[in-house]
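Each in structure tokens, the structures are laid out below.
Common to both upcoming complexes is chain A, partnered first by chain B, then by chain C.
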Partner chain A sequence: MIKKIRPYVYLVPAFLVILCVTLAPILYSIFISFIDLTKNVHKLDNPNLWSFIGFTNYINVLKDSVFWNSLVKTIIFTVVTVGFEFILGLAIALILNEKFRARGLVRGLMLIPWALPTIVNAVLWKWFYDADHGTITGLLAHLGFTDGYSNILSHTTSALIAIMTADIWKNTAFVALILLAALQSLPKDIYEAAKVDGAKPFQRLFSITIPLLAPAILVALIIRTMEAFKAFDIVYIMTGGGPGGGTQLLSFLAYQQSMVFGNFSYGAALAQIMSIFTMIFAVIYIRIFYKDRG
Partner chain B sequence: MERTKNQQFFIYLGVIAVMIFTLAPIILLIIATLSSGQDLNSKTLHFLPSHWTLKNFTDIFTAGSNDASVPPFMQALKNSIIVSLSTTVLTLIIAILASYAISRFRFKGQNGLLMSTLGFRMVPEIALLIPLFVIFARFGAINNLSSLILIYTAFNLPFAIWMLQGFFRSIPKSMEESAYLDGVSSLGVLIRFILPISLSGIIATGIFVLLASWDEFMFASIFTSTYDSKTITVAISEFSKRGMVNFGMQITGGLIASLPPIVLALLFQKFIVSGLSEGSEKG
Partner chain C sequence: MAKIVMKNIKKRYKNSESLTVKDFNLSIDHKEFIVLVGPSGCGKSTTLRMIAGLEDISEGDLLIEEKRMNDVAPKNRDIAMVFQNYALYPHMTVYDNMAFALKIKKINKSEIDLRVKEAAKILGLEEYLKRKPKALSGGQRQRVALGRAMVRNPKVFLMDEPLSNLDAKLRSQMRAEISKLHRKLGATTIYVTHDQTEAMTMASRIVIMKDGKIQQIGTPKEVYDHPVNRFVAGFIGSPSMNFISATCSDTALKIGDLTFTIPKEKIEILKTTGYLNKKITLGIRPEDIHHEPKEVNDSNTFETTIDVSELMGSESLLYTSLGDSTLIAKVNSTNIANGEKITLSIDFNKIHFFDKDTEEVIQSTNQSKLISIS
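So, the complex of A and B:
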């Protein structure tokens, strides 16, 4: 009997914390998304004022052009940042996998962007893009790309590009670190065999290295996709969602609707919609994990 | 693999490009913290300051002492240290117990439990921010470091359990079995055998939790509105809110906030890289 309950005893603390601070809030959030809280959050405190309105909050979100704009921006942000992070990260991992002097030091320095707090990264890049004294703003003006100092963060397209570059710089390091670790665990003799067969470097890259790296690449891509999909800090600091919703990613929209405008029902419904997207990623992730293990 | 002279040249060219890409923003950040406000606010492109100064650092360490509209940086630093260390210790204790059960015992719902752990790791934070804010505000648990510690612990648990049960599984069971025969309790086996062997895995997991809680901003910004409770990320974000943006303070605060994670990352480089690749293999 004791043997049977023993594992559960060890699980109790974790179970209690996850139940109270994750599971119950998720259910509560689903509940909030089905009741009408317009203009009065305090209705939540009084069960008599709860009016269930079915999927109305969800329909309101799906009918809102602001939501669709935000979804499009989030997809652009996710695809572009993850794409660049993968290509740059793979290139960096391949270079750092070669033999060169001070290799340990160089590999160590790659950890810096990864370890830099996201909020600091956002502050740093906001300063680079500052309209009056930003380094990048100044460089673009001096090199003649822009007509004098321009306010990059106040134009829809350039603001989105600006927040994407900030994200790409920091997270390329993460992808590079994962792929470098995977590269180091690859068997060396395969390459020797390919060399004897006369395979050219690029052929080796596409026909040997990338297929062997596939599990690590997929996991890096999925982790980055999920993170990029819910990016918040960088928007909050660099643009505040502006200009005119140009950088209003989904997490920021849900935050703004609920915490700034007090529209908790809309925010909760939007958060559920985001969770559904994330669940799709999660299913893909778990499938890959199981396929990996055979 | 041996490389020709020509290939060597391109490798070094690549390494230099990688270093410029990685370090240029960091070097600009360090130079900026040593520049005067005048240099930072000038509309000319320059990479070195007209004169070097430590004024940004003296400003930040006295922040809030004579101007109530500026968040006191030292208090925020202290709060962040308390929150991230407490979160790490609490998360590790709870996760070690749970991972021990998952990796060493067979019980009903084991697989489902492991999969739901993975699922919880993927819930977007914003989906929890709304209900948690409503609940914590209702119970008056806002502006309280313990609330942040509890929330961060809950966020980090799924990841920590996932990592640790992987490390525990890789330990052979033979030693424990003889210990059991000698009458050692299951908790004794955990403390005497499993913990010492998996210490490197526990350290790696702890560093990831520490960095994640040090980094957190969205919850901290909503759950703390008094200077007594604000964490370092919130303080940095607010150096810009009051009227004019104070880049000098924001960037200097940012550099100071970056030092602990960067130093930890460099010190425990091996653990982190193996942790990242373990994590990428096991999820």
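So, the complex of A and C:
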């Protein structure tokens, strides 16, 4: 009997930690999303004032044009950043897989953007785009792309492009790292066989490399998609969701509704909707990842 | 079905002081089955990869059908290669693996289908065409690798230790199949192996290499009967040739305390080459030592105690000593016990002499002419 219980006893501390830091906040957030806290957060303190209103908060979110605007921006952000990160990451991985002088150094340098905290990255890019002193602002002006120094972050489209650029700069390295690791595990003799079979470099890339990298590509894409979908800090630092909701991604909207406007139930409901999206990605990811490992 | 000529081919790897392949000269005829054999690191695989175009040739000329191929890409050399680890495309079915090269060449679909199915039929792969390599056994994968080479009808087949990953039984079976295939297709084949049995059984000519240098080129029979040096003598034949220190006077051969009478022709060889009464190395193949069940006292017999007797089925391997060297004998008797005292005889007509220092074979001048012609 004791033998049977013992393993579970050992699990208790870990379970308690998970309960406190993960499970409890999630359950609390779900709880909040089902009660009416409109205009008065203090209702939470008194159980007598809790009024369960079912899915009303969810319906409010789905009826809100701000949510739909935000969802569209988030999807654009996700598709564009993940797309570019994949193409650039694959290209970098292929280059770094070749032998050349100081390859180790270049591999190390490549990881720097990814190793930087997002906050640092965001501040860095904010300065690049600064209306008065920004490197990129100046470059664009001097090359004649813009009419003098312009405030890139204050126009809807250019601000979205700006935050996407910053995200791509940082996370391409992650995709490159995963693909490079996978590339290095590919057997060399298959490529020699393909050479003898007459495949040209592009044919080798599309008929051999990419199909063999497929599992790694999927993992990288899904991880990046989940993260891009939840992007928050880069928006928070660089644009604050502006201008006029032009860069208001879903995470930032949830934060703004709850923490800035005190609209906790709306924010909680929005957070749950986002969780459903990310959970779908997570399930796909886990399915793929564990399929080959049994 | 091509003639291949290699002239003074050398290979030096970057950052390497010494040559991996030193001055390789070989002329291969149409339909020949050439086996490059030698211990690991002898440069045989490198030579093959230079022919394939997977390694640059540092110096020398490679001619296929009289065209210089040094700077021609692998795909334009009209060769097919079978790799040691098969190198099948893991994401493609057996059919697609075999069809890949043809698809790249933009050969029409019905022709591809015809060729793949024909190869599959010859190799007994018809029922596996839709499987992926992962779902095949080692022997089947090897067949797919062969099939992939076959469908292209190449001028030259290159095989890099294709059987080394198979178990012993499958290996001998595939050996016979490859030989059969070669006879059927008639393509010039260059085959690399470290296994002398494969070399002996399959080759029309064997090229024995050591430390990047060709030691000897010849038919299996030539290299077995007339090895040019101690290395070749020891490498070809299983178990290995016995090497024993001896001195020979103009009447008898002395090994340790034992004295033997040997054929006059053999003494003549030593006489003409000036090795009489000098220390030499004697080479005796295990199969040239026989068990004498009845007690005889001939000039070519000696009595000895058997250390270990290994029964091989129809024959036995006996481990004993002669002079101060160990001696292995392969005899027909199958009832000899460990520690038994028996009489062995040596067929001195078939012995070889080697220089103690240079390890080159000691042979009369007309004999050496014979070898150089072959």
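Here, the second predicted complex is superposed on the first by the 293 of 294 C-alpha atoms of A that agree within 3 Å, B and C clash if a C-alpha of one lies under 4 Å from a C-alpha of the other, contacts with A are read in each partner's own complex, and residues count from 1 in each chain.
Here is the rule we go by: a contact is a pair of C-beta atoms (placed from the backbone, for glycine too) under 8 Å apart; a residue touches a chain by one contact, two chains touch by 3 or more.
Fair warning: this is a prediction, and the values are worked out from it, not measured in the lab.
Annotation for the three-chain superposition on chain A: chain B and chain C fit side by side.
Of the two partner chains placed by the overlay, neither chain B nor chain C lies in contact with A:Ile163. In the superposition on chain A, A:Gly198 contacts chain C only, with no contact to chain B. When both complexes are overlaid on chain A, the residue A:Ala228 reaches neither chain B nor chain C. Of the two partner chains placed by the overlay, only chain C lies in contact with A:Leu212; chain B stays clear of it. Angle at chain A (Cα centre) between the Cα centres of chain B and chain C in the superposed arrangement: 80°, in steps of 10. Of the two partner chains placed around the shared chain by superposition, chain B is the only one that A:Ile237 touches, whereas chain C remains out of contact.
Comparing chain B with chain C, the partner in contact with more residues of chain A is B. In the superposition on chain A, contact of A:Ile18 is made with chain B only, not with chain C.
By the touch criterion defined above, A:Val61 reaches neither chain B nor chain C.
Taking the two complexes aligned on chain A, the least Cα distance separating chain B from chain C is 7 Å. Of the residues of chain A, those at positions 192, 195 touch chain B in one of the two structures and chain C in the other. The touching residues of chain A, when paired with chain B in their complex, are 4, 6-11, 13-15, 17-18, 20-23, 25-26, 28-29, 32, 41, 44-45, 88, 91-92, 95-96, 98-100, 106-120, 123-125, 127-128, 130, 132-133, 135, 138-139, 141-142, 149, 169, 172-174, 177-178, 180-182, 185, 188, 191-192, 195, 215-216, 219-220, 223, 226, 229-230, 232-233, 236-237, 250-251, 254-255, 258-259, 264, 267-268, 271-272, 274-275, 278-279, 281-282, 285-286, 289, 292.
Residues of chain A touching chain C in their complex: 187, 189-190, 192-200, 203, 207-208, 211-212, 214.
For chain C in complex with chain A, the residues that touch the partner chain are 52-54, 73-75, 79-81, 83-85, 87-91, 100-101, 104-105, 148, 152.
The part of chain B that touches chain A in the complex is made up of residues 1, 3, 8, 11-12, 14-15, 18-19, 21-23, 25-26, 28-29, 32, 40-45, 47, 93-95, 97-98, 100-102, 104-107, 113, 115, 118-120, 122-135, 138, 150-151, 153-155, 157-158, 161, 186, 211, 214-215, 217-218, 221-222, 233, 236-237, 240, 245, 247, 250-251, 254-255, 257-258, 261-262, 264-266, 269, 272-274, 276-277, 280-283.
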